[in-house]
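These are the structures in question, set out in turn.
Presented sequentially are two complexes of chain A, the first with chain B as partner and the second with chain C.
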Partner chain A sequence: MAERPEDLNLPNAVITRIIKEALPDGVNISKEARSAISRAASVFVLYATSCANNFAMKGKRKTLNAGDVLSAMEEMEFQRFVAPLKESLEVYRREQKGKKEARKDKDKKADSEEQDKSREEENDDDDERMEEEEPNEEEEVDN
Partner chain B sequence: MAARLSGGENRLVSLPLSRIRVIMKSSPEVSSINQDALFLTAKATELFVQYLATYSYKHGRGKEKSALTYSDLSHTAEECETFQFLADILPKKILASKYLKMLEKEKRDGAVGGDDEDEEEEDDDEDESVEEDVGS
Partner chain C sequence: LCRGEFPAQAMPAVSRGPWPDTNCHVPALRTSVPLPPWEDAPARALVALVKADPDVSLASQEAVYILARAAELFVETIAKDAYVYAQQGKRKTLQRKDLDNAIEAIDEFAFLEGEFLLGLVWFQYFV
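After this line comes the complex of A and B, so read on.
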């Protein structure tokens, strides 16, 4: 694993909230424990990505897709995640589709204005604020 | 609005997708990531955080004090096979004095203690017994 610049960390506030909601009320979480879980989460992302990428390569694809991630979860012995992930994915896809429709309507009204093309998400703020999911219509393509 | 599939928030996923993407892209072999895959990774990470926290709390000794401590987590990394990939980043901790004694003993026994990394933890609000990291 590379060094740990700030970018590879996840926002403290969000991590803390997820932990607090998972544990019974009134349980204290030491700062050290919280920081450790945050690091662990970053490592998890890297591990999952690497694993998913292996599946993509096996399928001779250059783009990681949903199936690769789900296969990675099984491989990593997190099968328990697969069902809830599939459920969430369905909701997410419906949401994205809904957003697309809404944008199409808006575009019709707004008179041919180029709003969102498929753009990289580089502009997103990287500080610890929570943010909405990005409405990306297409696959991300690396330049 | 989005259905609440994980407790607490009204949104579908709390972790920022852009940050998750940055981490994923730091992996050299990865060229591009489909939006669904990005979402799933973020969601899986949330599930992971929940699982790690609850598992460690349930199986750790912090439970007696109604707290989740670092040692609960490192205990999990060491004992539970599923979390063993975390063992290197969640090493067990021992008293500095014990560690020094270990080093002396190794010297006496002729073994060379080569790979000791003396990293100080920045936030050290655990009980005073925690001083040095020791790679297990």
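After this line comes the complex of A and C, so read on.
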């Protein structure tokens, strides 16, 4: 499935939600301003990725890891992001671990519970696909 | 990955800011990438951005997740910083010029500055 150029911008709904949560109640944002923030976020991601990649290359690795991204944040003078990002990473790792273990239990009774698939959340479905294709801890996004 | 041209009409009608339009086709994504905590399927947009860098061959699941979170923090930060200018102007609506002011005033946002041409070069390099 091909990605359209518009998809290079991060989802509008997400951007809008974050902006609304960041601003006090009753404050609005113009369409131009929101669009500008969205583009700025895209540039931020591109810049951060490139920066993180430099750290990966320095470490002679072909795969970007979370540590590279954190180093990039410092390099880009966004040190204030590092602590909250580390926290999020911990939570994320715990969740991933929990999902893995939940899946092991699920697999044991997989046969008798096939009809439960329709009840599952979207996220679980994606994780299922991921698990089937790559049993490794680290998923890789191929270029 | 293309090195396409940016037609004049894609350029936003403002006096500053490198917000070039991206006219390049991004190749299809391979297989499954776990979604960051964004509800939508278009979280693949973030992955597309990561993939857009020709020097990046692989990115771990964790790296993509952390980038998504960082992007969220960035949006929050820039919105708050821009709002200061709206307040100064006694407005309850954040406008484009508030963004411009924040970007000019704040060092961390320097990477967002520059002429349209520089932004063009930036996007051509990455996309």
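Brief remarks on what is shown
The rule is short, and it goes like this: the second predicted complex is superposed on the first by the 109 of 143 C-alpha atoms of A that agree within 3 Å, B and C clash if a C-alpha of one lies under 4 Å from a C-alpha of the other, contacts with A are read in each partner's own complex, and residues count from 1 in each chain.
Just so it is clear, contacts are C-beta pairs under 8 Å (C-beta built on N, C-alpha and C of every residue); 3 or more make two chains touch, one makes a residue touch a chain.
Owing to the predicted nature of the structure, the values given are computational and were not obtained by experimental measurement.
Considered on the superposed chain A, chain B and chain C are sterically incompatible, since they clash. When the two structures are aligned on the shared chain, A:Ala36 is found in touch with chain B and with chain C. Contacts of A:Asp68 after superposition: both chain B and chain C are touched. In the superposed pair of complexes, A:Val27 makes contact with chain B and with chain C alike. When the shared chain is aligned, chain B and chain C each come close enough to touch A:Asn53. Looking at chain A, you'll find residues 2, 7-8, 10-11, 14-15, 18-19, 21-23, 26-30, 32-33, 35-37, 39-50, 52-53, 57, 62-66, 68-70, 73, 76-78, 81, 84-85, 88-89, 92-93, 126, 129-130, 133, 138-142 touch chain B in one structure and chain C in the other. Across the complex, chain B is touched by residues 2, 7-8, 10-11, 14-15, 17-19, 21-23, 26-33, 35-37, 39-50, 52-53, 57, 62-66, 68-70, 73, 76-78, 80-81, 84-85, 87-89, 91-93, 95-96, 121, 124-126, 129-134, 136, 138-142 of chain A. Taken together, the chain B residues at the contact with chain A in this complex read 2-3, 5-9, 11-24, 26-27, 29-41, 43-54, 57, 65-70, 72-74, 81-82, 85-86, 89-90, 121, 123-126.
Residues 17-19, 21-35, 38-40, 42-67, 69-80, 82-83, 86, 92-96, 98-99, 103, 107-109, 111-112, 119, 122, 126-127 of chain C touch chain A in their complex. Note for the complex: chain A touches chain C at residues 1-5, 7-11, 13-15, 18-19, 21-24, 26-30, 32-33, 35-37, 39-50, 52-53, 57, 62-66, 68-70, 73, 76-78, 81, 84-85, 88-89, 92-93, 122-123, 126-127, 129-130, 133, 138-143.
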